[in-house]
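There are structures below to look over.
Here come two complexes built around chain A, the first alongside chain B, the second alongside chain C.
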Partner chain A sequence: MGRQLAFVLALWKTNLLSAMEYRVAFLTQVFGMMLNNALYFVFWIIFFARFEEINGWNLVDMLFLFGVVATGFGAGTYLFGNAVRLSSLIASGQMDYYLSLPRPVLLHALASRSNASSAGDFTYGLISFGAAIYFSGSFGSLMLLRFTLGCLASIAVLISFLVLVQSLTFWIGNTSLLTRHAFNAIVTFSLYPITLFDGTAKLLLFTLIPAAFIGALPAEFVRRFDLLQLAQICAGGAVFLLLAVYVFYRGLRRYESGSAIQVRM
Partner chain B sequence: MPAITVRNLRKTFQLKRKAAGLRGSLRALWRPTYESIEAVRGLSFEMDDGELLGFIGPNGAGKSTTIKILTGILHPSGGEAAVLGHVPWQERQALAFQIGSVFGQRPQLWYHLPALDTFYLFGKIYELDDSFLRQRISFLAEAFEIEELLETPVRKLSLGQRMRCEVAASLLHKPRVLLLDEPSIGLDVVAKQRLRATIQRMNELEGVGVLLTSHDAGDIETLCRRVIIINHGEIVYRDKVSALKRRYLTVKTVDVRYNEQLAPDFSLPGVEMVKVGRYGAKMRFDTRVTPVEPVISGLAAAGSLADVTVSEPSLEDVISAIYARTEV
Partner chain C sequence: MRSKEAGALTGVGRVREHSAAAVAGKYWAVFRTQLLNSLAYPLDLLGRSLLIVLFMWIFMNLWRVTYGATGESSIAGLTLADTMWYLMMAEAVMLSKHDLSETFSEQVKDGSVAYLLNKPFNFILYHFAAGLGDSLLAFGGNLLVGSAVVWLMVGPPPGLTGWIFAGAAVVLSWLLDFCFSALIGLSAFVVEETNAFRWIYQKFLLLLGGVLIPIDFFPAWLQTISLNLPFAWIIYGPARLFVDPSLARLGHVFLQQCIWLAVVGGIVWVIYRRVVARLVINGG
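Presenting the complex of A and B:
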């Protein structure tokens, strides 16, 4: 475990060094993404200026939700940047590199790239969480702990979901388009109050598109401690993680490599 | 014990077939058809510890597929293989600690960073002790003459410089076997020679075994003592490089120039006249049919000699001839 941690830390350090080669591009992407998120949230500010709440959720709940989702999403896709490119890595034969080195292929592949814009999401998430604390008037070290746990669970489910969808590449070929749709769906649904959905739609958000584990559930847990919710987010994270690892490695046996000319960025 | 043992290795790929045009695309969407392509057909060979083995063949012969199976990147469809006692596709991680690999078309170095940063990352990947890593980098930097290049971003290096850094990176963990897939691809003559010299030196210094695939017969001729030629996934020739040359370099080409005019009907028995001019001629003969001595005597008897050049076909020509004989 310690060996893998040292290896992943070294990878993240190398990613950071690579990003710092182009500081202006890095900062532009960070601030661009923060602005993008802020503009998106303006919609909810306008909405809640007219309606006090929606199915029990108010503006402060939305700030918590955006805090968890953006922080989790930002940290997840910054630290495991290839989670959004796995399909093209598999389809173009770029897994060769990870397979030829003595490290777990999935971990190595995921952590070998950092998205600069994700740092913007991460920063925006922290700001949103700070605003949620300010407007709710509740803060404590336990809330900080719950926020950290909630974000970790959110990251686990998000990355696992992306790995699961893109592992289909091993069976059906390039799934870049499917990945883009799945990515948009998971992000969109995770940023809505869960109380808007019921019946089949809610079931889908806990299974096929597990947005509930990425947004609503951890956000509610951050706001107030609930043992059942803690169990749900931990179980959700663990189940999706194990499933993603299992499916990816099953698919890897079918990997066919490729002969395209490649560059390591 | 051999470093690499391969027995009846096979690899079949499923290739989707589609007719050209919109109709073909629609048909493939509705009812896709697949064709089995046998990239490797029952290969068997061995490579000794510390040996420099050339593995050559035309495009699509199965060289890279074989190397990818031996590094654990691909699972074979059948057969057996062991590299340093490990079954590559079952013990990939354990094997990767003991072998190094360089794929000419798949760089390992981070493009925007100096090679030194990748070297330090590889130190963590291979769990190398910090002081060992520093010594090793210093040793390889000197051996590969890359001291001045290590702090330059890889994107600013020439292809030859980059390739030397690539091979150095693959040797950081002191592997016992190095698998090189087209390391000289795209390099100019000088860069090729430097790379070959360094690989040879590392083989001599550390006894690292090298399985080398290349399109360039010069790589094989300079580096390897033994060669395996494959075509259509099968071995078509295996022997020492010297034996290959002896066996196939029997055709001699002679360019001759005289101080006086040649007879218009100039010819020699058993010799094919390629071109006959007023003061010289170009001819070809096979030493298995026509011995060298009567040809040289015949040339001397034909007039006052100004110059004679006897040349052999290049190894590339020999290999082309072998490929041509095995075309299906």
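Presenting the complex of A and C:
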């Protein structure tokens, strides 16, 4: 366990050093993404300026939601950058490299790349959380702990979901379109108040497209402690993580290398 | 007199006339090839259109709850059905527009722009013709799927006039959007990374263009700002025409689109001429 942790830390350090070689491009993407997220949030400012509340959700709830989702999404896709392009690695035979080394294949593949723009999401998430605290007027060390826990659960479900969907590449070949739709669906749904959706839709958001575990549920938990919600987010994270690892390694048995010559830069 | 004679002797005028037809034919061929290329994969086309189902479903939930909470049948002159049909058209335009800025900047960064620049066509017009072919089919797919979903949710669409007026305005929308894409893509000649510009432009379209929420729902000051910017005339103009078609509105949308096309198109042209003149290609 300690060896694997040291290995992943070394990968993250290498990714960071690599990004720092192109410092201006890195910073442009970070600040660009922060501005991009802020502009998107303006929609909710306009919306709640006119309608005040929808099904019990107001602007402060949205700040908490964006705080958790952006921090979780940013940290997840920064630390495990290949989670968004796993299907192309599998389809183009680029898993050969990871298979030939004595390290856990999935962990190695996911952590081998970092997205610069994700650092912008992460930073924006923290700012949104800070704004949520300011406007709600409630803060304590326990809230910070709940926020950390909520974000970790959010990362676990997001990365697991992306791995699950893209592992289908082992069985059905090209899943680029499915991956794109699944990615759009999980991100979009996680950024809307859960109270908009009724019975069947809610069931979907806890199972097939587990956006509730990425956004609404951890965001509500951050606002106020609830033992049931704590159990739900921990169980959600653990179940999706185990499922993703199981499905990926089952699929990996079907992996066929094209013996293509790959150049890694 | 001298130049006229020279023209008559060398047939310059005739050659130019022939060239204009040849130029149009050339880009028509590019457009047609892209159209046929996309038509060769109908399932892919349908698959791409599924995203609009997701957005319409979310919007339906959001606006049904919102209209229910206000207790009014109409907000800023739009009923729930009007809002949903407006959003369907706005999303159809947004999802079918071909984002060329990424292609542009990739070609600049990897140097393949050199290969395209020495071909007997204009780099900008070539991309526009190819993008239009792709957008047209994607728009058709999105309209088909989006209309089916919204019809099931809120009832029948607006009349035929709305379809015709909005359809005409959408062509100019694509042209205007293309100019912005070209500007972002050409910025790759100057800056290393253009992703940030692309994201921000898309968010301007989502927000100030009226994709996420009709501009009519904005506070008055923000409406004024939005309607004086080009983004509204890429999305809001055609979508609003769709649910509320009138000759006066059509004229106003066309006028705004033409003004902005002249401004942004002019900037693209000047920048393109400058960067191409300054381009240095090494190697072979």
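Note that in this section the second predicted complex is superposed on the first by the 260 of 265 C-alpha atoms of A that agree within 3 Å, B and C clash if a C-alpha of one lies under 4 Å from a C-alpha of the other, contacts with A are read in each partner's own complex, and residues count from 1 in each chain.
We take it that a residue touches a chain if its C-beta (ideal position, glycine included) is under 8 Å from a C-beta of that chain, and two chains touch if they have at least 3 such contacts.
What you are looking at is a predicted structure, and each value in this text was computed from that prediction instead of being measured.
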item: Which of chain B and chain C A:F189 touches, first, second, both or neither; value: second
item: Partner chain(s) touched by A:L101 [first = chain B, second = chain C, both, neither]; value: first
item: Chain B versus chain C as contact partner of A:F48, first or second or both or neither; value: neither
item: Partner chain in contact with A:G32 - chain B first, chain C second, else both or neither; value: second
item: Touching partner for A:A10 - first (chain B), second (chain C), both, neither; value: first
item: First (chain B), second (chain C), both or neither touched by A:S257; value: first
item: Partner chain(s) touched by A:Y22 [first = chain B, second = chain C, both, neither]; value: both
item: Chain B versus chain C as contact partner of A:Y249, first or second or both or neither; value: neither
item: Shared contact residues on chain A - chain B and chain C; value: 22
item: Complex contacts: residues of chain B adjacent to chain A; value: 13, 64-65, 68, 71-75, 92-97, 101, 103, 105-113, 117-118, 120-121, 124-127, 153
item: Touching residues (chain side chain C, partner chain A) in the complex; value: 44, 47-48, 50-51, 54-55, 58, 61-62, 65-66, 69-70, 191-193, 195-197, 199-200, 202-204, 206-207, 212-213, 217-219, 222
item: Chain A residues within the chain B interface of the complex; value: 3, 6-7, 10-11, 14, 17-18, 21-22, 94-97, 99-104, 253, 255-257, 259-265
item: Of all residues in chain A, those that touch chain C in their complex; value: 22, 24-25, 28-29, 31-33, 35-36, 39-40, 42-43, 46-47, 49-51, 53-55, 117, 177, 181, 184-185, 188-189, 192, 195-197, 201
